[in-house]
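Labels for the chains are A, B, C and D, by order of writing; each one numbers its residues from 1.
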Amino acid sequence: MDLSKVSQIDVRKGMLVADLVKEMSGSGVMGAGKLAHAVDIAEIAIKDPNTVLFFGIAGAMVPGGMKKIMIDMLEAGWIDVFVTTGANLTHDLVEALGYHHYQGRADVSDAELHKKGLDRIYNSFMPNNVYEGMEDFFEKHWDELSKDKMNIKEFLWKLGSLMPKDKPSILRICYEKKIPIFCPAISDSGIGLMVWGRIAQGKKISVDAFDDLKDILDIAWDDKKKFAVWYCGGGVPKNFIQQAMQFAPRSAEFGIQITMDRPEPGGSSGAELREGISWGKMSEKGNFVDVICDVTIALPIIVAALKTRLK
Amino acid sequence: MDLSKVSQIDVRKGMLVADLVKEMSGSGVMGAGKLAHAVDIAEIAIKDPNTVLFFGIAGAMVPGGMKKIMIDMLEAGWIDVFVTTGANLTHDLVEALGYHHYQGRADVSDAELHKKGLDRIYNSFMPNNVYEGMEDFFEKHWDELSKDKMNIKEFLWKLGSLMPKDKPSILRICYEKKIPIFCPAISDSGIGLMVWGRIAQGKKISVDAFDDLKDILDIAWDDKKKFAVWYCGGGVPKNFIQQAMQFAPRSAEFGIQITMDRPEPGGSSGAELREGISWGKMSEKGNFVDVICDVTIALPIIVAALKTRLK
Amino acid sequence: MDLSKVSQIDVRKGMLVADLVKEMSGSGVMGAGKLAHAVDIAEIAIKDPNTVLFFGIAGAMVPGGMKKIMIDMLEAGWIDVFVTTGANLTHDLVEALGYHHYQGRADVSDAELHKKGLDRIYNSFMPNNVYEGMEDFFEKHWDELSKDKMNIKEFLWKLGSLMPKDKPSILRICYEKKIPIFCPAISDSGIGLMVWGRIAQGKKISVDAFDDLKDILDIAWDDKKKFAVWYCGGGVPKNFIQQAMQFAPRSAEFGIQITMDRPEPGGSSGAELREGISWGKMSEKGNFVDVICDVTIALPIIVAALKTRLK
Amino acid sequence: MDLSKVSQIDVRKGMLVADLVKEMSGSGVMGAGKLAHAVDIAEIAIKDPNTVLFFGIAGAMVPGGMKKIMIDMLEAGWIDVFVTTGANLTHDLVEALGYHHYQGRADVSDAELHKKGLDRIYNSFMPNNVYEGMEDFFEKHWDELSKDKMNIKEFLWKLGSLMPKDKPSILRICYEKKIPIFCPAISDSGIGLMVWGRIAQGKKISVDAFDDLKDILDIAWDDKKKFAVWYCGGGVPKNFIQQAMQFAPRSAEFGIQITMDRPEPGGSSGAELREGISWGKMSEKGNFVDVICDVTIALPIIVAALKTRLK
């Protein structure tokens, strides 16, 4: 075994994030070493024009302050396929409509918050009146939104086309740059509820539950490409990409997973990336890493280091 | 503050699960006290004919040995609404088609497993050839499966109607007992892939992505009922029920959550039930508990105690 | 690979804990399979008169309702060497002096509790006036306690000899049965504070910090014995036993670890048992299992099953 | 409730760590907000000459690449009292003697590592021959080390005085700057084993187990000072400081905790800092934060930001 020494991390006054990550890379161990490894993998995958990057993100990432980072990544062309949860897109819509999330606390009286009309997401709060704003938005744009038969990706692009241009949003940037955006459980979200509200009034919309599979699997089916997967949290976004990799002619060669979930209870969210080798989702010669960290800590560091490193 | 003493748990030779749970209830603290609390809540909710129990379950529960328990709970009429993941139903289908899951290990070479055609789910294995069996099944039954326009619940009932009668399955029991079964992200599963396989051959099926919302919200809309929620794991099943509770005239009065996820990263899966009070999903006077435990340990204990306690 | 099928756990009315564990053993997977595996290992180790069982337990186990279980295990002769934290022994002393712990909640105002003189340990409370009772006890027994030069084990046996006979305690049973009891960080506890209180008054006591190593290593040095380790939680108790195994002529052949800590941050508490193979602490042919579970849930189940299985 | 908006984190090319932390502070939520809060608290506590900072650190921090950071913090005078584990000091000694830790992997054969003489600490390795080097060191310096009756702090300073000057070490810097260093469970470590090795040869040493309490409590007893606590990991280092705070005339006004442990199982390591309010360990008006993160990720960021911010 040819082993590198653990070099003790040297932290300096006025240090760049990119240089701190280089120090972490030198240490090579524990969480710091893995975080640095994730930056290396992302850099290779993004630089290679032949690598398709599937980015899956779950969790309350907009109330968690990650919206601009996601938009930047989409805008810079780092992400080729974006898969997320309905909640994530609902919070994106909420901010695009001019509402805000607020800094709160977790050790509060939830009954008090309820009286004040504040919905808690761990230590952030969302004013409950966003639902009224969303109602108005869907009411106003319903005819446009519902006029065609669609799959979910097309529905989300349509939604993106209706977003205000002055407030950057995930939905708008995906629409503008025609980045495929998948959200299999879209009905499980505030956006879903808004659609249900119209249906309950007798209005119609036709969005197919299975049709997006064709779109994502067509992308994965390309045997001239290499594939990279990058997961922030688990849930449907991770699993939906993993199953595309299972049926791709070439399994994923690059992989980053940032999660706080554990593997032992057996769920997909906490599963180590290497488990995907057995399924043919990940390449056995692949370069991948599991970073056990809160996404709101790890993602800004990784992206700050990447922005500095990439031309 | 009127406080009960912690009574030291007394464990005896030949002890019933139900009696162990009673001892845990006497201790009243840490994980044991919470587990016992969950049994108390479930007992009240199940006994009350006026309480509708929404049961959400995520994770690899069939490979984890929980299938019979789920079927028993459905058969006994404990569960009024069943919400799960596509993976859970795919594993259910796999066993109904005569395949098995196998006892494995996590510290193995995934590359070796891949060569042997074994897909790893933490420490259980599934033979990869189940996909062939599923292909045959969908090929054979496609006309029946695809003939009507449906929502996902109707699609799953249809699937259940086609399951062999001699091999008890979740899908079949939900169909037979007409228990509403929801799986918003059904496309994110082996079942989804089978449907895609047919679509890729030019076949048609029409399953609506939003239409199930009407069904679940109609159930939650009943202002003569009380509501109980019971979550094993998080993900879409939990969130889909929680959002139904948000728009129910009466928020949930009973709640059980069994999870290994943490609240601090801010995702829905790890969120404490009390957070739902702020949203109007959980009643501020509700009786609920978060059990931080592996579902495959906690659920059998809870169900064994309930079977003994309930007439 | 010769694989066993996952058999679906069958839970029945009036079921014994021992029979539930048998069902979990049949499933063989996830947390349930590991819990059942732990019972099997413990049964073999306890039955074999030639196997020395080192039991390490950390965490607030007396406020968590585990005291009687620990006493039963000591009384039944299952445990040959007991290693624990000062906190655990302090809570044991507190109850032996006639005080109680109380069932509380975690989502409370800690400032309110402070005003009421209640010290919180997650969701259990301890009245702060226990410190007065301990003061009186140490004041009364100081001459006896401090008269000899001792190591920590001898100090704890002495303390045990002074415990009331009518209130079973860990300290008393270890003294009575001459079970070696180790607590390297005894100064880090209420008991330590009581000793400091006397020292601050100018009184003397002479307890050596290193001398216990001789006692525990003498036990581990016996090359005619086999060794079993059983950890509930990590911390010093686990590590102190592991280091004894490192220098034993035969590394541990049986091992059980029950913990909620993770391996990835690199600390000893969350380390998988198999890591000990590299150090020569665990035998590479050993039979061991890591159960990721709250001790207050797992330990009562394991002990109930063992009591039923063992003659 | 007067609430601040969550501002979306803006990450830029060539960004300083200190500026990234400022962005995290603006977001104010989830893990990122807490990490930034920790920097704010540390800055106030370090700048205030009247505040005594107790720093407790557990876990394999030297093999994890954190040694230089700890030494820098001690050297800069940020830390007034240092409390750690025996393992941490043993790894420090090992590197001071010229040995290294190595970058490894966790998914390896531990039996192979054992054959190669490599001891695994999650994904770092330590060559087993360090024990020979330590033997030689203790043999050579025994007379000097053992000549006086001591408490553990004095023993560690003595050890520090014997460390090579050309290889910076925690032990040496604490000795040189006369920073009180506590390690209640010193016998539970490689250093402990070395002492035992000499005792087993009939040599003598007299180190008192309780005597350090006087030293740490004298520091905490100063009613003209304010107190800050900073924990990296839990275990004895955290608990030993917390108990000093319990008996201090003024409970701690500043607190930082970085941990991956959970509160629910009830142990001290995972307990939220606010629990300390009930005990009188933390001030109810204190400024404190729990950062749920791998120390090897969080600590370098915090220290890099602090170095930039502090003159």
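Everything that follows uses one rule, which is that a contact is a pair of C-beta atoms (placed from the backbone, for glycine too) under 8 Å apart; a residue touches a chain by one contact, two chains touch by 3 or more.
As the structure is a computational prediction, the values presented were derived from the model and not from experiment.
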Both chain A and chain D are touched by which chains? B, C
If chain centres are mean C-alpha positions, then the most distant from chain B is chain D
Just give me the whole-number Å value for how far the CA centre of chain B lies from that of chain D. 43
Inter-centroid spacing, chain D versus chain C (mean Cα positions, whole Å): 25
Cα centroid separation, chain B vs chain C, in Å, comes to 35
Among all residues of chain B, which ones touch two or more of the remaining chains? 29-31, 60, 63-64, 107, 118, 122-125, 260, 262, 264-266, 274, 292, 294-296
Residues of chain C touching chain B in their complex? 1, 3-18, 20, 23-24, 26-33, 35, 60, 62-69, 72, 100-104, 107, 116, 118, 122-125, 260, 274, 292-298, 300-301, 303-304, 307-308
Sites on chain D touched by chain B in the complex: 29-31, 107, 262, 264-266, 292
Given the complex with chain D, which residues does chain C contribute to the contact? 58-60, 63-64, 87, 106, 110-111, 113-114, 118-125, 128, 152, 184-190, 192-193, 195-196, 199-200, 205-214, 217, 233, 235-236, 239-240, 243, 247, 260-271, 274-280, 284, 294-296
